[in-house]
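Take a look at this one; I'll ask things after.
Labels for the chains are A, B, C and D, by order of writing; each one numbers its residues from 1.
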């Protein structure tokens, strides 16, 4: 990861601002002969796209992805050619006038201040480059990564904690996530969570959340020691998502309270003669290399910074002021973060697969 | 980060196994004319070196670092020349016979299994490349990074939770850390923690812990958007340390329960005309770029996998067995992880400083 | 350089095929506050664009570059923001039907065969990714690089040899290059060269050429030892241009015949107290680092592979056949390669400038 | 390539100065289970080592390479483990007193001036980092690369031009190279060349040369389009060798005079049903991807800058002076450059092999 490029061999470069003409990415290093059309991207984009419920921003974007290169139809349907795949999404509903005030003042808790401090200039319209809008193209890239990984690798995420409300570990059901507007990993919590989030929304406030990730089908051996660790790559990828403040793998922070006996995932030989682990505190990674067990992680999202409640801040010119952010915002950015978490995991794993194949064959 | 190299401009490549003749690193991209001698490295290495108390491994290593290149004495004391700095530490007390059993069987919770699964071969002696011994050279590289950063950037870490025992946030004192054998961020907890860890040690067990990190003196503007985020780089660097299972920045997982109003670090203009933040939930990073506030993070370490209590496992040949790990081990790897956390933060920041200078001047 | 990305800090990623909907690039790592509009790109693109004379392909492309991100107007004209700059050029005159035959057979001397051998699929339309059309976006990126370098760095190239016809070293005039349709570095040779190239063109043949490059205004100190050498980066950048088969720096291959005395560029102190070199066999680079003298290089281009004269080849299915390439081609690809050579030099130097600033400040 | 690291997947980082305690490299990304001992390195190092004849520097170095990591003996002889391989060579015969004068004055044609200009400090002893001594570890790394490539890939180089004396293309015999002290690619020229080079040496002068490279056994498909071109990587690798001023692939600069008909390497189907090329002007690379034909290149070396004949130069303090370089130098650096050219080709190809395997499998 550096600049606006992610990955070593499966590489994604993203570009675009919230209120510019378009956003996009270039997916480079994709193996050839992978069947790929725009229809492979759209379902994932639809999951993340705004305007779908009262719990997400009311900005109306179709998020229609267009593939401009790297795919060729040669008799058996469109396939990747090994050349870079450029993907582009038009910005259709940018209302920059909503943001006049944040041109002058910095939203507390937002990147407005740091972009200005670093670059001496910032595209304030809708947050410019720092907007969560950028994550749409990550989802598109993730859809390509899923095709590279194949159907054996199953990547699912969902909200397991909304503010103070948690789903008990035993009740987490990642198959329920896309059946409710809250991306909640349990159908049962939805009514209560909807009431809760309605309250947050109507109060002009916002709230944080925790997203759980689980990937099955990763064979033992992906990743590498020291600075090529699969969990380090995953941590960086997830921490790079807007509003993420924490990442844990497997037992995570809870492992600080575990004894060596309890933490050790004991091993047996299964009926098929293959290694079986009796638990998964490791979250599927030991020494930076996948164990063959499900890869599990949890990601903490902070609450949206753009809120209607006035907050103390300063202006670009160094004056003190109060700011309440109008415009259209998500009361909980973590919700639409769910498909982004999945997409980043897909990109990390596609990259790890290619790197493993390179070294070990 | 990839392979065994860390960093983009300030780059550290490490090599060496626990029981090989030596371990070492190459620090490349260091600015010239930085005063540097072996005496600048040793104090930091001494903090991490084994054998210092009954709470760490009894392996006896002087961890004497030798600089083999990249430094030149030209009349005003030795300075860096801009050429790569090779640093080497001999392995003095490797007792490979202690490890005969783990040549055959995989320690549950350890990288033994995954290295074998990936590479089809592993240097089992003392854990080989996966041993925490590798972190000694990270500490040496971190010492170089500190010299590059200068004294204005102050990097401190300490244990704030040992198993179930926590230091209250208000009681954390990072200046106390190197005055006690537990690297505890509070002098007061030491007696009780020593009793507790003695019990763990005598039981042939081990325990996890949480290390807090705080860096002051980082100016606003370091880091970059999207895939160059300072917190993403820090997360990867910290997650790459042996036994780390979780990383959080600022309020971290607690931010999932915060409202937008509470999370927003409000801003005022200080007496000196500069921006002042009224809180630091962000942990000193917004949008991936430093705010000028202290950089704060917390790191979860799992317990040592090498324990005396027998655990169920399998052998390299696919047979079931029980394994108790003899040899000399840390009952809590997090303790000696404290200087490693500091070193990785130093390397991340030196790299961020150079990258910022490149783009913005 | 790797995949489709060039540069370490000033990074250019290109995408697109000859007959796809568009081609484009993402310029990442550009410093902020550099004034930039589409009007800064177009003059350089106009120099390379096809259809301008009978000596270049008759494909009609306006090569209008559109900037989609990374530039913001904030009161003092559009400037770069430090965010990635996406540039896009529509393909307007793609006639894929001209290429039916090369879908089946490989043009000898062309990448048709190797793309198919590597990927098992190729976008044959107009050469797909291997077409010189890709170089248009390199020229756009080079225009951004020129803005980063500023007007003190002057980059000029021109044809100094067309087939067997050479311009004597003393007669090379790089200011004449864009005043003639042959990009010749001398006005005097133009009539004779036009006659010669008309003959080549009418014979359905093609011819190679040599392009000279000269850059003035590069200060001493850019580049770095061993694997960061300025001349090594330049060699890779120039060799990456379609049809290039040789690169030499300064005296180049002629230096094989020089004695140490003749090759050594002796030094004196100039009237301004600064170092002066009495010659420039080094071509402005010693030990991989710029000397402050003009950077000089020469680049050999092979003749266009797409010719009307039938050549023996094989088909995708392994049958022998003869192929004459219809379609619209440059009789000498080196001509329009001149602005590409300049652009690549600009990108190498912008990258070197930022890398130098990072390490040395 | 950047800093002191070469390669993307098969990565070599070198360190060390001419008169420091040692030089070394870290070879990272090597596949596991490759049989490797120090005895695999030494024969290649012996070819490059100094002191072997009157035509090379009289410095006496055994160039004994020691492997410090990354190799493990597990019952079937030592094999690579996938971990980084640290290789180290002691400097045994460094006589820094020979170089007192070049501490103050810059050798014309040498990197003395540019290192000082860039870094404000330089290790002048024996040329420090800019010394050709650094290439010893490249040869060691190249030996590892050869093991990765296997015996099917045969890499040979030799001197084909010494000053004004050329070996006719038809007379080039790369099997003769290591049977004569001049690394000449023809036994016949040796007596005359020895006389010639004796004259150069006795005159206190030096001379340039051209080295030819040929690699057989590379399958079609290695390399990649645009910025991953095999020939661009090779050009960078060869240009990064000390004293190299030019690189050409296949017909190289001669292709500037070729017509499209003559340059096109026509194709037929061989008796085995596989593609056959009727010529190899391409030098085994089309569109940046290997064709399956021999990879051919030529490399121009300038004469040694360190000569006994006095030359005009300036001192570090800005005074004019004359300098004659005492000490022990090669009258023609290209000779010992031959194994270095081979080594760099081996590293480029090992890297290309792994990258190809990653993307295409």
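Heads up, the rule we're going with is that a contact is a pair of C-beta atoms (placed from the backbone, for glycine too) under 8 Å apart; a residue touches a chain by one contact, two chains touch by 3 or more.
As the structure is a prediction and not an experimental result, all values here were calculated from the model.
For the pairs B-D and B-C, the count of C-beta pairs in contact is higher at B-D. Centroid distances built from C-alpha atoms place C farthest away from chain B.
Rounded to a whole number, the gap between the C-alpha centres of chain C and chain D is 26 angstrom.
One simple way to say how far apart two chains are is to compare their mean CA positions; for chain B and chain D this gives 38 Å. Distance from the chain B centre to the chain C centre is 45 Å, each centre being the mean of its Cα atoms. Looking at chain D, residues 3-5, 14, 29, 32, 82-83, 118-120, 129, 224-225, 355, 360 sit in touch with two or more other chains. Because contacts link each chain to all the remaining chains, their graph is best described as complete. Residue ranges of chain C in contact with chain B, taken from their complex: 9, 29-32, 82-83, 224-225, 354-355, 357-361.
Put simply, chain B touches chain A in their complex at residues 1-6, 8, 14, 106-111, 113-115, 117-120, 129-130, 134, 161, 163-164, 200, 205-210, 220-229, 231-240, 242, 245-261, 263-269, 273, 275, 278, 281-283, 285-292, 298, 300-307, 309, 311-314, 318-320, 334, 355-356, 360. Taken in their complex, chain B has these residues touching chain D: 3-5, 11, 13-17, 20-24, 26, 28-29, 32-33, 68-70, 72, 74, 79, 81-86, 118-123, 128-129.
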